[in-house]
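Just below sit the structures, each encoded as structure tokens.
Across the two complexes that follow, chain A remains constant while its partner is chain B and subsequently chain C.
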Partner chain A sequence: MTSTYDLHMPATAREAIDLLARHGDDAHVMAGGTSLVLMMQQGLIRPAHVVSLHKVSELRGIRSTADGSLEIGALATHREIERSPLVRAHSAMLAEAFARIATVRIREQATLGGNLAHADPAQDPPPALIAVGALVLIQGPGPAREIPLEDLLVDIFTTSLEPGELIVGVRIPPLAAGTRAVYLKFLPRTEDDYATVSVAAAAVVAGDGTVRQLRVALGAVGATPIRARAAEAALLGLKADEKAIKAAAERAAEATDPIADGRGSAGYKRSMARVFTERALRAVLA
Partner chain B sequence: MSRHLLKFSVNGVAREVEVPAERLLIDLLREDLALTGTKEGCSVGVCGACSVLVDGVLLSACLLPAFRVDGTEIRTVEGLASKEGRLTPLQQAFIDHGGFQCGICTPGQLMAATALLGEDPHPTDETIKHFMMGNLCRCTGYQGIIRSIHAAADEGAARA
Partner chain C sequence: MRFEHKSTVNAPRAVVWAFLLDVPRVAHCVPGVETIESIGDDRFRGVLKVAVGPVRLTLTGEVAIASRDEAAGIAVLRATAADKGAGGAVSAEMRMVVTDGMAPDTSELQIVTEAQVMGRIGEFGQPIIKRKADQTMNEFAANLGRAISVP
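Let's look at the complex of A and B:
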């Protein structure tokens, strides 16, 4: 049972930040509430104060900026992102990754900011966003800052947010012309499950077949999503043939540190990380 | 600790209820308003028994804090049929095409399928499966549910 709390409903991000500063560790932010409500129901957290963001309209919305970036507000729901023509135009891969999360009901309630702040390594948005170079926009008591998503997710259920800081949105810089991207979510059990492993890849291949740009990110294979830098380095500047792809996927699997759980043993997940990285690389390079 | 006066409507009827901050929508509906058509199955957002529409959006009443429905229009299974008791084409199709067995999941199935047909009046099998996978049926009557949704879509097309 959820213990009782004092509810605050600020109208602006500034008010929310001030409330968090006033109540310190006794306060938790609520966005969609899908994770927070469950954690309270299970007695994992018992905040004395809950600061709900649902009236902070400045955190809503999805827009393109003058420099061609895509900006997604922290309160954009997974479903809004999945269905947004702006997101699809920027990166269809991103829209499809959000469409793979849980079920319609959860996607209607869960928000981008809540997903990233929750920092569960099995979540879908982080690898997809890392593959397209997403930056997280943060406001708090100190100066506003913008950091690569990889630097937000520091450990399992742990972010680099300072006390009282809010994620206000995500910015995805313009993608190079000709970028091909894919998100693969391995779901051997049920379609609404968390990933057993997931792989996102984005690449630019020159006319002669040389790999010009490549980003590969994996989910559910360690304490945080990982960027497979050794796999990227193994292919950059080369013409990717089947042998090179297999070797690079091997590098990606070596970088994983999966835990055994109901979705499989660590060894099984590492093998699947290799297999799905191969498939992702073939999809964007071949 | 804090209490909040909520003003909203359920199935077209205006309501005012004061609740503690932590009240969930499922308890507001079932306990405070005695609207027990909406079921509680898993209580963790997975099964879909508690599916309701809030301003037309399909949500889980077991995961939504009640304070979030202030100022909204809620629709539950009790609000599908007309006041005179005329069923919607979807409800009738569930009866005619074997859309339920024990019936415990049916309120949730009906609300999810209502949302689906609102978005896509002629869904394919694939669309139905993808949209409805959040509504589990322990009697495993999935084929009947899919048949019923197709039949309701055809009925809608015939009427339009």
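Let's look at the complex of A and C:
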């Protein structure tokens, strides 16, 4: 039951921002529309104005910048990210994480910016992107800004975007040489389901086995994706043996706050968060 | 979903008991309650607005005092509410137990809430309501303790 709304089709990001600033809370941005249209049909969101980004071609594309960063436009589809040689060269983990989102029909339609603005804690891109240190590029009525992805996602379906602000892309700084990364998700039901828990980890291990860099992020077990900082701290500067990995995974599980649903009880999900964090840590550290 | 809260309230038991049976005052401790009015017979009708990111739900429903036992200090409230647009509904039973506190003129308040999410609310609606219920109950328990406490 979708209510009526005015559809706006701006041609530039600036025009889109002006429309958002003018209509405030009554307006909602539409990129690929895979989540927004469902939520409108379910009556959860009833915008008076929909600002479609369909014609804003400046937000498309994937490129490498002079400093070795990877920049992905907000309107890049999941499928484009999955297939991009630039993404694969920067982080094969990222390409593989995007290749396993939902189904190919959804990946052809859903966009990176839409996914991040949706702020659904059960989505795949946020933990994978947080593990590789992604920064969100934001434009709005004020000056453009760039924030760590974990600072964008503040609560379930809630971002820290100010009124009138638009996600224009994501920048992933160059990864240190020798970075190993993995994205694991637990799918006990079907391959295209939301994960029961997902874990992304990226690490740099020195020649003598010391953990030099480590970022761990979990999805689907809290109101937002969770950066497992206590787990990271438990391993940084140490040689990661099995005992240290188990202890760190315990720290990650403690940081979760899952809700019970058809995919399991809260306690079960917390246990699976520990198990999958252990596996992810072994994959990047052992 | 089950939520449990325990707190020490700076008011004697009789004051807490009177407050708990004053449903409009209790309801106004729930964040998002817009209106609450008596429809007689220990029943009340009200509107609760829930905002989660871009999602706006307006839950309209009823609260009733299901039972009260002043000697034991136990009161039970039952509430049902539904959002017409999203086709989702919530029902909850809240058991409130008040006992004398350790210090004079204080009380111990225990609130146990059992809540269910029902209706055609989909993949997005379920986690929204579950997450929001948790946050709402925490704020409610804190607000209630503050509202009852004698300054």
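Going forward, the second predicted complex is superposed on the first by the 286 of 286 C-alpha atoms of A that agree within 3 Å, B and C clash if a C-alpha of one lies under 4 Å from a C-alpha of the other, contacts with A are read in each partner's own complex, and residues count from 1 in each chain.
Operating definition for what follows: a contact is a pair of C-beta atoms (placed from the backbone, for glycine too) under 8 Å apart; a residue touches a chain by one contact, two chains touch by 3 or more.
Quantities reported herein were computed from a predicted structural model and do not represent experimental measurements.
Student: May I ask you to decide whether A:241 touches chain B, chain C, both, or neither, giving the answer as first, second, both or neither?
Tutor: A:241: touches no partner chain.
Student: Looking at A:159, would you say it contacts chain B, chain C, both, or neither? Reply first, second, both or neither.
Tutor: second
Student: Give one of first, second, both or neither to describe whether A:4 is in contact with chain B, with chain C, with both, or with none.
Tutor: first
Student: Quick one: classify A:103 as touching chain B (first), chain C (second), both or neither.
Tutor: First partner only.
Student: Mind working out whether A:38 is in touch with chain B, chain C, both or neither, as first, second, both or neither?
Tutor: So A:38 meets both chain B and chain C here.
Student: Have a look at where A:146 lands relative to chain B and chain C in the superposition and call it first, second, both or neither.
Tutor: Neither: A:146 stays clear of chain B and chain C.
Student: What is the contact status of A:52 with respect to chain B (first) and chain C (second): first, second, both, or neither?
Tutor: first
Student: Could you say whether A:28 touches chain B, chain C, both of them, or neither, answering first, second, both or neither?
Tutor: second
Student: From the superposed pair, tell me which chain A residues show up as contacts to chain B and also as contacts to chain C.
Tutor: Common interface on chain A, chain B vs chain C: 38.
Student: Residue numbers of chain A touching chain C in their complex, please.
Tutor: 1, 28, 35, 38-39, 42-47, 119-122, 155-159, 194, 223, 259-261
Student: What does chain A use to touch chain B in their complex?
Tutor: Interface residues on the chain A side: 2-7, 9, 30, 33-34, 37-38, 40-41, 48, 50, 52, 54, 102-106, 108-109, 190-192.
Student: Which of the residues in chain C come into contact with chain A in the complex?
Tutor: Contact set of chain C toward chain A: 1, 52-57, 83-87, 121-128, 130-132, 134.
Student: Please name which positions on chain B make contact with chain A in the complex.
Tutor: Going by the criterion above, the answer is residues 1-2, 4, 20-22, 24, 43-46, 48, 51, 57-60, 63-65, 67-68, 112, 115, 130-131, 133-134.
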